[in-house]
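The first chain written gets the first letter, and so on, giving A, B, C and D; residue counts start at 1 in each chain.
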């Protein structure tokens, strides 16, 4: 584990073409310093997994506008016209996934499950090309786990063990992604002494975190 | 939702023969007042879902000793010789489930999933009679969701909305069971005013709780 | 009363005390403004909160607290926050009593299309497929027609959101309930005739002998 | 040095700084007493904590804080608590660096049987199947024989815990590593000959030219 490193140092691990999960919901809970560092480092051809592509110039939307993504796996792109434009122009591959299924697919990868059995999406475009499973008279879509090389996540607080806690609507995909990526890079708004975050308040145990970036 | 009711009133909803989830791990996190009320009410032929059968006279172990269960679905019975005795004598049906699979099966029921795809148990006795699924070259056991008529859970704190929070090793199956039963009966060690449990500290939202039992 | 007011006021009558409810972006959001007096309804926002409250006063916003559209909200006393897996566990696990969503089309079987117009608008399904598949009750809030074209159609020309029929459709003209026998006309808006409704509906409606008027408090 | 001391001291040498480790009930638990000086190891207890510490002083126990055997423990500064789904997510998701478990038998392919003796002892698998299937490294701590019978056998007569081979077997006589070619004899206990090991082992062992002695600090 590398504590209190600079964003540039942390994202230096990420090569072009990497699959990168980025926490956040409409950029709420997105680690903006890490996204900025990724931009500054010139990374491109990324496959980004996130809830949405936010708005141009915000969160994942920055990477879209700067054309750093070859693919995004998200539930929603409606708030970022640039994502739609690049998709229609054939410049960007967009895999749309129902939001609850996206959360479970990320969780499945992190929790060692072989996939997700869900009725969501059955008989819709979202089911195309996917296997189904009949079990006890009901049919379920079999959705694959979604893992990543890296996860960039935002916590409200971290302690010196890199234990993380989130707040309000800034949890969203962050705790799930912290389980599902080979390398986890966390940005914390505040770093506090060990013990300030009680065991019950730790949402992501520090053992899952590889790099911890603090505030400037 | 029925707040601050007595244990007897809450468990009066539970008929003989019901399937009842009971939180706790070796009785840590088990709502003992609710278990006692179930005993006093004379309920029998229960199917109990829990992590283990604890020890004789403690937690779920009380129901075993008093012969109130026709079946238990648990991961472990080694600490309760009476469970083993009843099982061998053919008086009690015991379904043994790997602990992690048990947690995911309960969660699957509560989260609307069709089942659990796991490598745990493959090629062992635990896989007997269960379907498997091959996906992308790997084989997984298909484990069924596990729902219940009732869940009896223990929280450390509850507020007047029945928002619940747990502590230390007394979380275990409690938050999962609160999602997986038709009727949720919670016992809280302390009931505090709304706002004392912050939104980030709520582990089980009050909307999931049907009956809340406080301290005597 | 304008179309939107009729729709959201009528839908508000579907609320019950203690319900957990998710409101879609846009018109459905306004149902929250018409909760009957004395009734306690828990509003979930799928980005991770139960107990969302109105927009905060100027200068009191928290960048970690927004609705699913990214707009600042408040948290009511007794609110609970959680991650996306839990949020959709509530939705998909059948714990959400009701969702109110916008609609582009509903077919004769009561199936909703509301997430894309191929070649024109592909915003993504967000949480819509989960909500329509998982909520106990799915209420569609939509205008009866769009640019003159009926939205209650025999077959959706737009991609479906779910195979599961919705529970109720409320427009500025009518309340329609999908049943095993077809779409049942339950109510008509004040002053609107059954014939006027039929004229603006492509799908066949089952019309009972008496179709009561919606009762909308001023 | 008695058998148990040899086994747990040798296994403690497998610990690395920063590892997340789960120790089974009984002998494996004692590995925690031999963490090399200056090394930080995070111990998980599958009932829901990382950062478990030793038994608390008399009168300081908390009934909400025990190990997986139900015995009172402490939580170290920086501990984290969570529910059973998260606890087994750590185990099954490959986040647990190492688990140490007891064993009844290990077969020639390195597969462990450790959870039941049909007709005699059926305690249930608890978390053993999850641990053996999911942990990055699985280390078995067991005596080399039981009542004179070899525990490293050609085929387990007892039900398997997992089809997945374990990573290492440590007994009071030897360190054995399952490989693609078979069971490899890696080390012998101080003063124990290769012949003595072979005489007490049913499964064939691959014996390299030189089999070093375990180095155990007093």
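Everything below uses one rule, namely that a contact is a pair of C-beta atoms (placed from the backbone, for glycine too) under 8 Å apart; a residue touches a chain by one contact, two chains touch by 3 or more.
Since we're looking at a predicted model, the values are computed, not measured.
A.B. asks: Identify the chains adjacent to both chain B and chain C in the sense defined at the top.
C.D. replies: Joint contacts, listed by label: A.
A.B. asks: Determine, using the mean of C-alpha atoms as each chain's centre, which chain is farthest from chain C.
C.D. replies: Centre of mass proxy via C-alpha means gives D as farthest from chain C.
A.B. asks: Just how far, in Å, is the C-alpha centre of chain D from the one of chain C?
C.D. replies: 55
A.B. asks: Please compute the C-alpha centroid of chain B, do the same for chain D, then give the distance between them in whole Å.
C.D. replies: 29
A.B. asks: What is the distance, in whole Å, between the centres of chain A and chain B, each centre taken as the mean of its C-alpha atoms?
C.D. replies: Chain centroid spacing, chain A to chain B, equals 32 Å.
A.B. asks: For chain A, which residues are shared contacts with two or more other chains?
C.D. replies: Within chain A, the residues that touch at least two other chains are 104, 107, 111-113, 118-119, 166-168, 199-200.
A.B. asks: Would you mind listing the residues of chain D that make contact with two or more other chains?
C.D. replies: 49, 75, 81-82, 85, 88-89, 91-92, 134
A.B. asks: Give the pairs of chains that touch; include all such pairs.
C.D. replies: A-B, A-C, A-D, B-C, B-D
A.B. asks: What residues on chain A touch chain B, complex-wise?
C.D. replies: 104, 108, 111-119, 131, 133, 135-136, 138, 140, 142, 144, 165-168, 199-201
A.B. asks: Given the complex with chain A, which residues does chain D contribute to the contact?
C.D. replies: 18, 20, 42, 49-51, 75, 77-82, 85, 88-95, 134
A.B. asks: In the complex of these two chains, what residues of chain A are touching chain D?
C.D. replies: Residues in contact with chain D: 1, 107, 109-113, 159-161, 163, 179, 194-195, 199-200, 202, 205-208.
A.B. asks: Can you name the residues of chain B that touch chain D in the complex?
C.D. replies: Interface residues on the chain B side: 25-29, 51-52, 54-55, 74-79, 84, 87, 96, 98-104, 107, 118-126, 156, 166-176, 203.
A.B. asks: Report the residues of chain D in contact with chain B in the complex, numbered from low to high.
C.D. replies: Residue list for chain D touching chain B: 45-49, 62-70, 75, 81-85, 87-89, 91-92, 116, 121-130, 133-134, 159-164.
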